[in-house]
Each structure stands twice: as structure tokens, then as C-alpha cells.
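One chain, chain A, links the two complexes that follow: it is found with chain B in the first and with chain C in the second.
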Partner chain A sequence: MADIFTALSIASSGMQAQRIRVNTVASNLANASTTRTEEGGPYRRLDPVFRAVPVEESFEATLEGMIDEQSNKVEVVEVSRDPAPPRKVYDPQHPDADAEGYVLLPNINVPEEMVNMITASRSYAACANVFETIKQMARGAVDLLK
Partner chain B sequence: MNIVSDAIIELLARAGELRMQRAQLLAGNIANADTPGYTPREMDFQQALELEKQGLALAVTDEKHLPVIATAGSEPVVYEKPDGQPGLDGNTVGLESQMTKLTENRIHYEAGLAALRKKLALLRYAVGEGGM
Partner chain C sequence: MVIKPAEFPTIDRIDLPLSREVNPAGVAEQPGFDELLGRALEKLDGTLKAGDAAAAGFLQGKVDIQQMALALEKADISLRFMMHVRNRVVEAYKEISRMNI
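After this line comes the complex of A and B, so read on.
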């Protein structure tokens, strides 16, 4: 069964996932030249992993055996570290340069992060629009009482 | 004749419910526009409503007619339907076309509501002895 609140929660799951993505992009961009981290070594790129999850059904619906696996929410299952190797740049002046004068810099590609940010913000806006549309539909139904 | 719940009101109400269900489906597709490997879901609205109409509107006028079992409450068929070229991650959600479908769905929903409002206004007119 479809109800407004399920549809709204699906839209908000999309907004939430995209917000997490923007957060990781912000972190990646802020740390584009960080050479020291708590784990040691240069900062490594963060990458959120999205997964589609069937919506949770209400108790009554489950009881009636009407489990709805048709609509999917989205969920960030984990924020993984990009396994790509760090960039090696020759910069003997750098305090973290090795004996040969090379510095290990984060595996971050700034243009790629910017593209990621724009895509995330577009997807966020799309979900916000969906939320608004469904809210208006529900309001229309409520207005029948007037 | 039961004026309060006539076939048209019931059909309009059920159509609204189906529209809401489709909106939920499309919301799920849009939320998963960046999920790797996700294929958008779609439902056959026309077919679902057709079943509904049969269940509600076919009258048995001859004893040899087979009664049509009312299908109210039957679930519409949902299937996976790729929408656009798959990206590198195998996702086939076309954000624009999903948004278009959602808008179209909403307009139909609102048209149904408007018709329902008219039907209810007629009822209100009747119970108000004409003086509203």
C-alpha cells in the first residue's frame, strides 16, 4: 500500500544520502593537500557507497502479508576510503618529503570532486522537488474535506 | 441506489490511490538516481485501473452472466524498466524522464481530485436541500 508518509520518507532518504555525499566531497576538497593524518600518511579520498533498500512496511501490512518490495529508499551503507595510491610529487622543500625529495599527496582529483559536488546538489534538488510534489498531492486530498 | 458511494466516486478514489502509489515508486527511482546498478521501477497504471473498472462497473443483468469479482484492493503490477543509457555504474535512472513522469502523474491526480470534488459538491447540494 502506498501512503503519503512512505513516499515522503523515500524522498527524504534521497536528500539525506546526497547530503552525506556533499559532506564527503567537502572533506575531500578541504584535505586535497593534507599529508598528515591520524592513521599516518597522506589523507585518502572518502567515497560514500549507495544502496537501494526496500521500504519498511507498517506492522499491519506485514501482518497481512503485503510486503512491498517495489519502492526503494536509498541508504549510505558505508563511507569507504578510495584504494587508489597517493600522488607522488617531487618537492624537496616539503617537510614531509622523503630522502629522495618526493612527497606523498592525497589521491584527490579536484575537478572530479567538483563534478561530484554538482551532481550531488542536482540530485538533492530533484529529491526536494519530489518531496514538494508529494506534499502538494497529499494536501489536495486533505482539501477535499473543506 | 446508493448515492453516497456510487461507482464513479469509488473509481476516482481508487485512481487517486494508484496515483499516489505510482508517485511513491517514482520517488524511489529518483532517490536512487545515483545508486550503482539500480534499475527504475514502473507500474502499468492503465492496466491496474482497467481491472478496477471491470470489478466496479460490470452489472449482472442476466442470470447467465458470470459475476465479476470485484478487484478493489488488488495490487498493480510493478516491473523493472531501464530508462535511458546505463552509466558506468550500471544505473539506468533517467532523472529528467522520472521527474517528467512524476509531474504528469501529479497532474492526473489533481484532475481526479477535481472531479471527485465536483461529485462531492453535488452530494452536498442534495443533502443541503438545495440551499447552500
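After this line comes the complex of A and C, so read on.
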């Protein structure tokens, strides 16, 4: 049964997903000019993949088919690597330059990452606001018993 | 002149609703209020313990901050609700104990 806690856990899942997104942005910005990675080659941009999952509060609710199909939590299924090719920059002094003097730099666009960061931060704040509002609603309902 | 005594219908047994069988065959047993309250308290205890565990887990870096917030908020709302229920029960008890018989 979808109770008031369902909405709380949905908001919480949104916050969690956005936090993971901020993590990937931080990683992308920090590695904006990293040329060496464990897999070899330049760093490649991280991109979180979100998926909507139905809210399952309890086994009984699932059994009785009382899942609220209108509401979904969000989940990060994977953090994928951007397949876009790395940037090629002419810099013969660089230790990782190839025979022709070109260095392969990560496929990261810093302004784009900043935009992603602001989007994630605003989404996180929105989820936190939803959480706060639901909290107030629940307290309002409970205070009716006074 | 003979006076006939008045005839009253005899009453064998007074059948008050309270004296009737509470649970006739075929009707499912309803849980009593104490049982319901006990179950609710057990659930509340579980929620509070989950909140505690989440707070401890957060301090140990095992639980995310929003998961902790969720668990603590659940515990908070449940506790507030139970407090109101308790107040209501105590009030009802007092009301009954003050009743003049």
C-alpha cells in the first residue's frame, strides 16, 4: 500500500541518484585533462544511466497487487563511459604525445560538465524540497490528532 | 365475585446483546485492541531501531545521508503518531475512571 512513506522514499531515491550524478561530474571535471588511466589511453567521460523502478514497500503489498503503479523510484543502473572519441591536441612536449606530436585528451567539455553539475544540484534540491514538504504534510496529519 | 389474578408472560432469560456469544462459529476472530496496540508498538520499535541503525551506519560511512534522513524521518513521524495514540488511550482511560456509577 502506498502510504506517506512511499513518497518519502521516492524523494530519497531521487536525492541518491542526483548525488551519484554529482559524483560523476566531479570525476569528469577533475580528470578533464587526464591522459593516463588504468585501462590505458585518456580518461573517458562518465555518464550515469537512470532507470525508473516501481515502488515496492513490502512483500504483502506486492502479493496483493497494491503497488502504486503511478509512482516510481529512480535508480542508477550503471555509470557508462561516453563513447565519443578523445580530443586530439598538438603538443609535442607532452610525455604522452605520439610520434606526430599529438596528445589524446579526454572527451570532456568543461562548460557542459558545469551545466550538468548545476542541473544535478538543482534536481537534488528539488528532491530535498519534496522530502521536506511530505514531512510537513505527514506532521500536519499527525497533529490533527492533538 | 372471584378476582382472577393478572397473567404476566414469564421471562426465562434476559437476552442482552452483551451476554450473547461473542464469537459464533464461522466468524473470523478479530484481534483485540491490546493486540493491535502491541503490534503497532512492535512495528514502531522496529522503525526506531532502523533509524538508530541508519544514524550509526551514516557515522561509519556505510549509509548514505539521504537514506539516514529517510529512516530518521520515518521514525520521527511514527513516534509522533504513537505519542498521539498513547495520549488518546490515556485520556479515554481517565474519562472512564472518572465516570460516576
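Note that in this section the second predicted complex is superposed on the first by the 144 of 146 C-alpha atoms of A that agree within 3 Å, B and C clash if a C-alpha of one lies under 4 Å from a C-alpha of the other, contacts with A are read in each partner's own complex, and residues count from 1 in each chain.
In this section, a contact is a pair of C-beta atoms (placed from the backbone, for glycine too) under 8 Å apart; a residue touches a chain by one contact, two chains touch by 3 or more.
As the structure is a prediction and not an experimental result, all values here were calculated from the model.
A.B. asks: Have a look at chain B and chain C on chain A after the superposition and call it: clash or fit.
C.D. replies: fit
A.B. asks: Which partner chains sit in contact with A:Val130 here, chain B, chain C, both or neither? Use first/second/both/neither.
C.D. replies: After superposing on A, A:Val130 lies in contact with chain B but is clear of chain C.
A.B. asks: If we overlay the two complexes on their shared chain A, which of chain B and chain C does A:Thr119 touch? Say first, second, both or neither.
C.D. replies: After superposing on A, A:Thr119 lies in contact with chain B but is clear of chain C.
A.B. asks: In the overlaid three-chain picture, which partner chain does A:Gln70 touch, first (chain B) or second (chain C), both, or neither?
C.D. replies: It touches chain B, and chain C stays clear.
A.B. asks: Just chain B (first), just chain C (second), both, or neither: which does A:Val55 touch?
C.D. replies: first
A.B. asks: Have a look and say if chain B or chain C is in touch with more residues of chain A.
C.D. replies: Partner with more touched residues of chain A: B.
A.B. asks: Look at A:Ile4 in the shared chain and tell me whether it touches chain B only, chain C only, both, or neither; answer first, second, both or neither.
C.D. replies: In the superposition, A:Ile4 touches chain B and chain C alike.
A.B. asks: Kindly classify A:Arg19 by the partners it touches after superposition: chain B alone (first), chain C alone (second), both, or neither?
C.D. replies: After superposing on A, A:Arg19 lies in contact with chain C but is clear of chain B.
A.B. asks: Looking at A:Val142 after the superposition, I want to know if it touches chain B, chain C, both of them or none. Which is it: first, second, both, neither?
C.D. replies: In the superposition, A:Val142 contacts chain C only.
A.B. asks: With both complexes overlaid on chain A, what's the closest CA-to-CA approach of chain B to chain C, in Å?
C.D. replies: So the smallest C-alpha to C-alpha spacing between these two chains is 8 Å.
A.B. asks: List the residues of chain A that touch chain B in one complex and chain C in the other.
C.D. replies: 4.
A.B. asks: Give every residue of chain A touching chain B within the complex, in rising order.
C.D. replies: 1-4, 6-7, 10-11, 13-14, 17-18, 21, 50-52, 55, 66, 70-74, 119-120, 122-123, 126-127, 129-130, 133-134, 136-137, 140-141, 144
A.B. asks: Over in the complex, which chain A residues touch chain C? Could you list them?
C.D. replies: 4-5, 8-9, 12, 15-16, 19, 131, 135, 138-139, 142-143, 145-146
A.B. asks: Residues of chain B touching chain A in their complex?
C.D. replies: So the residues of chain B in touch with chain A come to 16-17, 19-21, 23-36, 38, 41, 43, 75, 78, 95, 99, 102-103, 106, 109-110, 113, 116-117, 120.
A.B. asks: List the residues on chain C that touch chain A in their complex, please.
C.D. replies: Counting only chain C, the residues touching chain A are 64, 66-67, 69-70, 73-74, 77, 80-81, 84-85, 87-88.
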